[in-house]
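Each of the next two complexes has chain A plus one other chain: chain B in the first, chain C in the second.
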Partner chain A sequence: MEISTVKREGNTIRFMVSGVTPAFANALRRTVIAEVPTMAIDDVMIIENTSVLFDEFLAHRLGLIPLTTDLDAYTLPENCECRSELGCNRCRASFTMEVEATDRTTTVYSGDLRPDNPAIKPVGEKIPVVKLAPGQKLRLEAYAKLGRGQEHAKWQPVSACTHKYLPTVSVDVSKCDGCGDCVKFCPKCILELKNDKLTVRNVEECTLCTECVRHCAKRPCPIKLDWSEEDFIFYVESTGALPVTQIVEQAAKQIGEKASELSQLIKRAK
Partner chain B sequence: MIIPIRCFTCGKVVADKWEEFSNRVKNGEAPKKVLDELGVSRYCCRRMFISHVDIIDDILKYSEATTKKSQEV
Partner chain C sequence: MPLNIKTLKKTRDELRIEIEGEGHTFCNLLQSTLMEDKNAEVAGYDVPHPLTLKGIIYLKVKKETDPYKTLEKALNKITERTDEFLLKFKEATGSP
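For the complex of A and B:
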């Protein structure tokens, strides 16, 4: 297995994994989505809510706000030593929120959540939670805990985690007349004419849509689209709860742990 | 009612971009251009913006009216 062409931009990363089976690539994708833990608000104690939204509507919205996560400082509630339903400092982070609209309509933002632990806070300050008309009031306490995407999507660390085969686009130059029709129609602009010769650039951008073949006047078409079944282009987009590199690392670690657990079980069964 | 926090399909946070989107579109900019500049690239997230109607503002008017009425009494 080899990892190459890593391109990281803010909360997204694009990399190629070579020499693996589709099953392994999919295991990595599914682990990223469903098994990497993040923090999210899970319990909300509503003390006062005179807003136009119901309590459960509010609680649901609060739960969906991504929170910055410190995986070293917190443990999953099921692994925590406290064994308490309420949680302890190792498995729970708490927030308070108190907003009142006095003279004009006020928007309550995620930034109004006051965290007990400054390391666990909403990813953005400007996520609107609810709007309050003059005289309306909101007072609540919220408790966040670690969880996994398999239980609820609010614990998913990523908003997109995809993989695709590495496309291969080859042009039979001897049969291509260089009319350039395919260049215009390629939605990803991967084809270009260089000295009347069709060339391919950024082949990893190709989506195998076959628009180039469709608009080619020649039959059989000199452009041949294919893909490699052991090279995968991954695209991962973090919600901001964890740095995107840490998400992938954590997922790889978890696959390793699961594999060693499986081999131990098999050994014991012998 | 109010803009959903996340995209229904992929889970990208969309709520924090709504105010800018709605203000800029009200000022006459093309939704396509605004969404491109906000970095909303997938069509699942884009429909969250273009199909959303922010009726919470209309509902707030009713609560404003009732508070005013109770103050008068």
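For the complex of A and C:
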């Protein structure tokens, strides 16, 4: 197994894993999306709501706000010792919100949520929740808990997590006349003419769209498009709830833990 | 969801277990890892209903092998691989 070409920019990461099976890559992708826990608002006590939105509409919008998460400080409610439906300090974070529009239309933003624990706060300050007309008022308490994406998408730590096979583009130079037609039609600009010879650069950008083959006058086409079934290019985009590297690490950790837990269970069942 | 297993069928060379709390994510990985073992004759899995988190793993091994052993070996292989992935990923990203 090899991990290479790591490109990390803010909340996104792109990396290549070589020497793994498609099942492993897919298990990792599915775990990242559906099983890495994050914080999201799950209970809302609305004290006063004279806005144009229904209470449940408002609660839903609050739930979808991504919150920064501390996985070490909080536990999933089903694993928490308190066994309480309301939760305790180990499995619940609370927020209050109080906004009133006095003389002009006011937009309520995620930044108006006042967190109890400053470590658990909305990822962005400027996520609109509702607009209030003069005289309208909003007062509520919100409780966030850890959850998994498999229960509701609001607990998904990523907005995108994809993988693709590593494309391989090979050119049979003896059959290519170097006319350069394919170069201008490649949407990812991975083909290049160097001294009238067709060369390939940034092959991982290739989407296997076959435009180059389609515009080549030669038949059979000297360009061969293929892919490797044991090299995967991953692209992960965090919502900001967790650092993107932590999400991938957590997912791998969880798969391993699950396998060892099952192994223990099987030893007992034998 | 806590993991739970139930043995549905066990003969000398066959094993069918139900894993409560696991769906395609893990069962597919386990099935393909089982098939890598040359002692495994058939390995398959089924998720009977898309809304209930439950997977059924079926395994048939070649004669003179214990299906439980083959299963444990595959599970250990998965743990080894995730550990290796974690190590290499941390190295590649430079995170502590």
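In the analysis below, the second predicted complex is superposed on the first by the 269 of 270 C-alpha atoms of A that agree within 3 Å, B and C clash if a C-alpha of one lies under 4 Å from a C-alpha of the other, contacts with A are read in each partner's own complex, and residues count from 1 in each chain.
Simple rule for what comes next: a residue touches a chain if its C-beta (ideal position, glycine included) is under 8 Å from a C-beta of that chain, and two chains touch if they have at least 3 such contacts.
In this text, all values refer to a predicted model and were calculated from it rather than measured experimentally.
With both structures placed on the common chain, the touch criterion links A:61 to chain B but leaves chain C unconnected. When both complexes are overlaid on chain A, the residue A:252 reaches chain C alone and has no touch with chain B. Within the superposed three-chain arrangement, the count of touched residues of chain A is higher for C, of the candidates chain B and chain C. By the touch criterion defined above, A:262 lies against chain C but remains apart from chain B after alignment on the C-alpha atoms of chain A. In the superposition on chain A, A:239 contacts chain B only, with no contact to chain C. In the superposition on chain A, A:220 contacts neither chain B nor chain C. In the superposed model, A:128 makes contact with chain B only, not with chain C. By the touch criterion stated above, chain A contacts chain B in their complex at residues 52-53, 57, 61, 64-66, 105, 110, 123-124, 126-128, 130-131, 133-136, 153, 156, 158-160, 237, 239-240. Those residues of chain B whose C-beta lies close enough to touch chain A in the complex are 1-7, 10-13, 15-16, 18-19, 42, 56-57, 59-60, 63-64, 67. Only residues 1-4, 6, 8, 13, 15, 17, 20-24, 26-28, 30-31, 34-35, 78, 150, 245-246, 248-249, 252-253, 255-256, 258-263, 265-267, 269-270 of chain A touch chain C when the two sit together in their complex. Chain C contributes residues 1-5, 7, 17, 19, 22, 24-26, 28-33, 36, 53, 68, 71-72, 75-76, 78-79, 81-86, 88-93, 95 to its touches with chain A in the complex.
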